[in-house]
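Heads up, there are several structures right after this.
Here chain A shows up in two complexes: once beside chain B, once beside chain C.
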Partner chain A sequence: MKSILGLFLVLAILVIIPAAHFVFAAGDEPDGYLDRRVVIWNLFYRMMTVAFTVGAVVSGTMIWLCWRFRESHPKATPTPYEKEGVW
Partner chain B sequence: MGHHSNWPEWIYIGVVIALMVWVGSEAWNAERLVEHIPADAEVIKVTGQQWFWSFEHEDGTKEIGELHVKVGKAYKFEITSKDVNHSFNIHDYVVLLDAVPGRINTVWFAPKEVGEHDIQCREYCGLIHYNMRGKLIIEEADTTS
Partner chain C sequence: MVLELQKPRPIWQIMFSTHHTDVGLMYLITSLIFLFMGGALALAIRAELFLPGSQIIADSMTFNRMFTVHGTTLIFLFLLPFASAVGNYFVPIMVRYKDMAYPKLNAIAFWMIPPAAALIWLGFADFTWYANPPYSIISAPGPAADMWIFGLKILGISSVLGAINFIVTILKCKHPDMSMGQIPLLAWSFLTSSLIVLVAIPTFAAALFFFFSDRLGVSGFFNPAMGGNPIAYAHLFWFTFHPEVYVLVIPAIGMMYEIIPRFSRKPIFSHSSGIFAFVLLSMVSFSSWAHHMYATGMSFTEKTVFMIGTLAAVPASAMHVFNFIATMWNGRIKFATPMMWAVGGIALFFSAGAGGVVNAAMPLDFQTHDSYWVVGHFHLFVMGTIAFGSIGFLYYLFPYVTGRMYNERCQEESMIILQSQNGLL
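Up next, the complex of A and B:
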């Protein structure tokens, strides 16, 4: 349990607190008129960067899992269930 | 079940929650910035009807199919419709809002450069929807006043 709390603490420090700070303490309104094109397209590009990064990590993990845990892998070992033949 | 580790699950949950918080806060902040209408924005009443746009400036000037604005000023569009649903779109300025009968929807923008841009209806509104277009004409700011 302590480790899980520790993990969430690390994540909070890394991501959640800066994000919350960014939202609630953003300098109120910028000088002059903001350009909605810039705000909207910047948001789009940031979101796309994150989406493609997450997509690459997830699909990379799945490809690696399929490759590493195939039956023909040199280091493949049966799971305890398979070894005992009992489920 | 055996005593296998739950760590991967917790890391996965943590990462997903952190990503969702980040995406939500970024989007919320962008929306907050974009929706904050400057106090000195000039109001332009925009009315959609089959199949053209009409505009009324604060001083009472009316235009049909063309909208003349000045560079460097902020404008607040009060958008409505006389018949069916339309959608007011200035693509180059990422202005897009529905025109709904009986409702006034507001959106604002501030033109940055002199030029001409297309205005287009983005909600299918009948036979000639495809040609329910207009022209946004951005002119030099008035230096005399």
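Up next, the complex of A and C:
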């Protein structure tokens, strides 16, 4: 549970810091509008770079996982839970 | 329920029973009937759009009516009742109680669905399932629109009654030896989605009340000609129906949490992170409704807040995906039909979520707004993640309920066809 809370804390910090920065950057003066567009498109490109990278890694992991751990794989062995007879 | 086939009861005994398995089965059968009916409308809509010009539907008004009833049917009469079916059947068993907390209320909640469905289908309203004013309050022909309003009102009451029943059953009727942390994740998914229903649905109930009084001409809440604001309706609508997506997706994820450990031959990797992610998703579901409305003239700060609120769903969703991956890791995966559907559902959950990130980013949202991109994203969720989780669980449930086995090969083929179709979305 502690590790999960730690992970969540890291994720929360990663989300909150750019969010706070962003909200304060969004002032009401009209001359800042162009800058904000640049900032937000920049953020968008960065987000999409991260999203596609993570997406490729996760999708690749899923495909490999399904191939490697299928029961018909030559290296497939019973899980510890099956050996103990609890599953 | 295996005993049902060995010693059948008269149908009326099942219909008027208040036992949770009987009510669950009635929810299930009803939802499947509406899946076919809503699906038939989808086929007609797609056939019409196959080529430019009129193909099989006589006029645009009829097309709009079919479009409206298709959306309303599949969301309110298929997906929600299907989740209720699974919840009714399994929640009391999972919390080790004899029945739902309020069995009669449970049966009443179910029996509200047929009259509501009759109102929606006999009315055949034409203003799409979001019924945006001012068209819906000024020009939409009655009594179709009014029947739709009353149909949704009844379905809303049914949902709230069902949600109260789930919450009380899980929190108050669970076995005393069972702590909240030990409750299966499927039951947790029903607890969190019921809490969302309890907060979200009354908002739309109020909106429908204003909407109806506007149609009668006695008020002008959403009528610009009477000083009202149609955007207010959009806020009330999306405050309900963005969380509603989570009401649909959270039980589907809960169903995957039952299937994946079973067929990976391992317990779930982290039960507590699953609970945490469900609670987090239910909270952030209310922080993102206005991302549907970036193009309505909101201020930059408001849009930023809702963009961040929407993206807050990403960590919670990712926790589920990583939980599934970690559960399958080092397992000995049996790709039976339910597992195939569940794995397909995870892949589509990921694709749909990636599309959601694009929609949440306001610069691109202006490009995709009101386009087929949004329709594709939404259908990847409902016909991808939610339907895949639900159909997978239906195959998981089928032998348990009936004592019979379906044709595995046939179902694998149907899964591959649907997966390909979702790829085209």
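Before moving on, here are some points about what is shown:
Here is the rule we go by: the second predicted complex is superposed on the first by the 45 of 87 C-alpha atoms of A that agree within 3 Å, B and C clash if a C-alpha of one lies under 4 Å from a C-alpha of the other, contacts with A are read in each partner's own complex, and residues count from 1 in each chain.
Simple rule for what comes next: a residue touches a chain if its C-beta (ideal position, glycine included) is under 8 Å from a C-beta of that chain, and two chains touch if they have at least 3 such contacts.
Remember, it's a predicted structure, so these values are computed and weren't measured experimentally.
Of the two partner chains placed by the overlay, only chain C lies in contact with A:Glu82; chain B stays clear of it.
Of the two partner chains placed by the overlay, chain B and chain C both lie in contact with A:Met47. Touch criterion not met for A:Ala56: it reaches neither chain B nor chain C.
Within the superposed three-chain model, A:Val39 lies in touch with chain B and out of touch with chain C [touch as defined at top]. In the superposition on chain A, A:Glu71 contacts chain C only, with no contact to chain B. By the touch criterion stated above, A:Leu9 is placed in contact with neither chain B nor chain C. Chain A uses residues 4, 8, 11, 15, 19, 22-23, 26, 33, 36-37, 40-41, 43, 47 to touch chain B in one structure and chain C in the other.
Residues 1, 4, 8, 11-12, 15, 19, 22-23, 26, 33, 36-37, 40-41, 43-44, 47-48, 51, 55, 58-59, 61-62, 65-66, 69-71, 76-79, 81-82, 87 of chain A touch chain C in their complex. Of all residues in chain B, only 2, 7, 10-11, 14-15, 17-19, 21-23, 25-30, 32-34, 36, 38, 74, 92-95, 109-110, 112 touch chain A in the complex they form.
In the complex of the two chains, the chain A residues touching chain B come out as 3-4, 7-8, 11, 14-16, 19-20, 22-23, 26, 29-30, 33-37, 39-43, 46-47, 50, 54, 80.
Chain C contributes residues 264-267, 270, 272-273, 276, 300-301, 304-305, 308, 311-312, 315, 321, 325, 328-335, 343, 346-347, 350, 354, 357-358, 361-364 to its touches with chain A in the complex.
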